[in-house]
Amino acid sequence: MVWLNAIMQGVLLGGLYALFAAGLSLMFGVMRFVNIAHGDFIVVAAYMMLTFVVSLGWNPVLGVALTVVLLGAAGYLNQRFVLNRVLGGDILPPILVTFGMSIIIQNGLLEVFSADSRKIPTGWLETASVEIVDGMAIGLLPFLMFLTAIAVIWALQLVFYRTSLGRLLRATSDDPEIVPLMGGNNAHIFAVATMLASFVVGIAGIWLAMKTNFDPATGPGRLLFAFEAVIIGGLGNIWGTLLGGIILGVAQTVGAQIDAGYQILAGHLAFLAVLVFRPTGLLPKMAG
Amino acid sequence: MTGRNQILSSARNRVQVANRVLALLMLAAVVALALAPLWAGRAEMRLLMEVLSYLALAQMWNLLAGYTGLVSVGQQAFVGLGGYLFFALAMFTGMPVLLAIPAAALATAVLSIPTGWIAFRLHGAYFAIGTWVIAEVYRLIAAQFSALGGGSGISLPVDLVRAMADTRAGREQLTYYIAFAIAVLSVAGVWVLLRSRWGLALTAIRDSQVAAESIGVNTRRAKYVVYVLTAFMTGLTGAFIFLQKLRITPDAAFSVNDWTAFVIFIVIIGGIGTIEGPIIGVIVFFTLREIAADWGTWYLIMMGAIAIAVMVVDKRGIWGALKSRFGLTVFPVDRRLDVETRGASGASQQPNQTHMKTGLQHAE
Amino acid sequence: MTRLLETTGLETFYGDFQALFGIDLHIDAGETVAIIGANGAGKSTFLRAVTGLRPTAGQTIVFDSTSIAGMSADRIHKLGIAMVPEGRRLFPSLSVEENLLIGASGKRPGPWSLESVYELFPDLAPKKSNGGTALSGGQQQMVAIGRALMSNPKLLLCDEISLGLAPKIIRDIYKAVPLIQERGTSILVVEQDVGQALAVSDRVYCFMEGRVSLTGTPAALTREDIANAYFGVGEAA
């Protein structure tokens, strides 16, 4: 029973990891670009939400809207004016530029917010639970978080497969050289892709802030979880990323059940196992 | 000679003179470093050892990323492994410190074989993050070993340190010369490697892996060999670093900031893909560190900003730009295609005649 | 007759390598013009220069009274030039119909739409939900042409559309050319199939090693003229 509970917690945790991973997956899918500062942007969103809702006391709905919109705008501008300049055949510049950004963000946050661990208090939501079957209850907060992940992924699929923007994004992912021949402006398309990914990063950061303690150095750990979820799930498949997140979450919670100190290591080992036995992931759609 | 040839040859002479001067400066610096115990105080020696350690780490990261195209943000795995294996060997096998250091490096290299096998299942930027995950795994595993202090780490027993030499001055000198030897080995090793056939293969891989494979270069094996070799040297440096610190903890041993971020900064600013680059890089890095000593987080922010600026403005870094602009070289590794032409009479003529003789030589 | 496209002394480089050495070429509205020549003669490079895929700053290229030298590819496309790229380059992640729709991203008004493209190439209608590359070579070529037409271009550039296709399929596809011309689009075809090129065009240019070696109307040129210009026989080395 206690194991079943651990697995259930892991599945719900997987929703959070899927949220972390979705943005990473999107950017890689469209631009073959990996943003090493991805986790740090999630933490920026967390601090933003914290500032709006706790420090300034604004309405949470306003806080959510502002955080998501600001992250989206920042993502668009960053891609359009900085990251686009280092995109190209060489893999080194994007890695190094985003690595540099990661260092800057972590230290900038440290300077502004100090190293104290923070969290957004969620009052009654913290302890509320939902009984799903006889005798087994799950936390309401994690459950809503999981539902958000599904909603976000569903929305991204909608954009990608049912809109003309999505058509352009998929075409750019296939063959960016030809897209300008159809009137597509790659600089803008890449920036839009990053903007979408940044909306998701904003949502992910808000959930992070509500679910766990965080501090300026939390970013890299989230990047690693996002990355692991993407690899386990398989490249190019965003529902696969949800599956990857769930597997990672379950590995972690089961590991934690064995010994609290094993949680993160268990997740890493599950990732390595997938890498060894199924390097393309569980539901891959494209080559790395 | 025609006017144009005169200008070209005097320009070439100037470059040759400049290169000779730089080579002499380099030699003078090496001699000065070799004699450091004679002129440097304790604090200076400590700083020099740090500089030499970072030089070795930077040469290795440069070899991986700048020549083999393997961008790793997980080399801290081997620094930490080198440190922990050194502590384990020195403390539990009775091996003398001087032997334990290379032994730890060897053990690190052995561990890098399965590590590399796993890491190579990923490519490009995903390979980079994968190496980071692997380093984290090693960190978390190291924290499980209570014999080595678990999460809080452990100090090197005093008697092991005392066994190195009779006097404290003697121990400090010995420690310094270990660092010096490692740094010299790293620079010389990379230079020799790049001048060899292996080096030609690596340059081909760096330029175009597909093209290299199509002419028969076994790229996978070449990358693997370089990965293991750099793991050895990085482990060797790690073993030394923690000998000098006398204490090891999982967080310090496997720190991304200390052993990857700073190293990358050094290589990028100095000039990736050149041997001189990391040398310039350590000088710039440590100068900036001295200047910015009180800045706290702003120092790191500045570092990140400079790294980004270099990538956006001129990704070749300081030495890369100097080399490209002025043709300067201290450690020649580039190969130059010499096209010599002969007409029917055997006399040298303009290059668009039918007979051509080509040869690959090392640029002077 | 309005001059639709004119290049004067066009030069193009790939790094240090010069591919085009001063191309003078023009197309008038309503014409179908063909460029023939051996592999490596610079035909595709010319199309890439015109569509903005190669840098052309400082060159003289005028389209519909506007200088397009140095302009970005997406802006050139929006002015009314569409290309059927060499090798078709359909998007595998998009269905046939989505490939056609993406061709209309420029949103220019005109006679071409999904219906008229399916009318021109009836084979495609039943396959519209297939993956973009899950079709025969000939059908893929039709999709590529349809995709370019969807933008209602004034000038359609066709880069080696016969490549890899059986002769009967080539003939079928080329039957579409006069139908396209009728509806107001001028056409420039780059072709290795000399017979097909001569059959369909009003005027012909022959490229050799980056230069125009011959130009004229198909009727006025003999097979010998063309063979000499194609292979460079009889020219000073």
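The first chain written gets the first letter, and so on, giving A, B and C; residue counts start at 1 in each chain.
As a working rule, contacts are C-beta pairs under 8 Å (C-beta built on N, C-alpha and C of every residue); 3 or more make two chains touch, one makes a residue touch a chain.
None of the values given here were measured: they were computed from a predicted structure.
Participant: Based on which chains touch which, is the overall arrangement a line, ring, star, complete graph, or other?
Facilitator: The chain contacts form an open line.
Participant: Measuring between Cα centroids, what's the chain most distant from chain A?
Facilitator: Chain C.
Participant: Skim through the chains and flag the pair connected by the most C-beta pairs in contact.
Facilitator: Top-ranked chain pair by contact count is A-B.
Participant: Cα centroid separation between chain A and chain B, in whole Å?
Facilitator: 34
Participant: How many angstrom between the C-alpha centroids of chain C and chain A?
Facilitator: That gives a centre separation of 44 Å.
Participant: Please tell me the distance, in whole Å, between the geometric centres of chain B and chain C computed from their C-alpha atoms.
Facilitator: Averaging C-alpha atoms per chain gives centres 52 Å apart.
Participant: Residues of chain C that contact two or more other chains, please.
Facilitator: Answer for chain C, listing residues that touch two or more other chains: there are none.
Participant: Of all residues in chain B, which are in touch with two or more distinct other chains?
Facilitator: Correct list: empty.
Participant: Can you tell me which residues of chain A touch two or more of the remaining chains?
Facilitator: Answer for chain A, listing residues that touch two or more other chains: there are none.
Participant: For chain C, which residues are in contact with chain A within the complex?
Facilitator: These residues of chain C touch chain A: 51-53, 72-74, 77-78, 82-83, 85, 89, 91-94, 98, 101-103, 105-106, 147, 151.
Participant: Which residues of chain B touch chain A once you look at their complex with the stated criterion?
Facilitator: 65, 69, 71, 73, 118, 121-126, 128-130, 132-134, 136-137, 140-141, 143-144, 256-257, 261, 264, 268, 272, 296-298, 300-301, 303-305, 307-308, 311-312, 315
Participant: Spell out the residues on chain A that touch chain C in their complex, using ranges where they run on.
Facilitator: Interface residues on chain A, with respect to chain C: 164, 167-168, 170-171, 173-175, 177-178, 180-185.
Participant: For chain A, which residues count as touching chain B in their complex?
Facilitator: Its residues touching chain B are 32-34, 36, 82, 85-86, 90-97, 99-104, 106-108, 110-111, 220, 223-224, 227-228, 231, 261, 264-265, 268-269, 271-272, 275-276, 279, 288.
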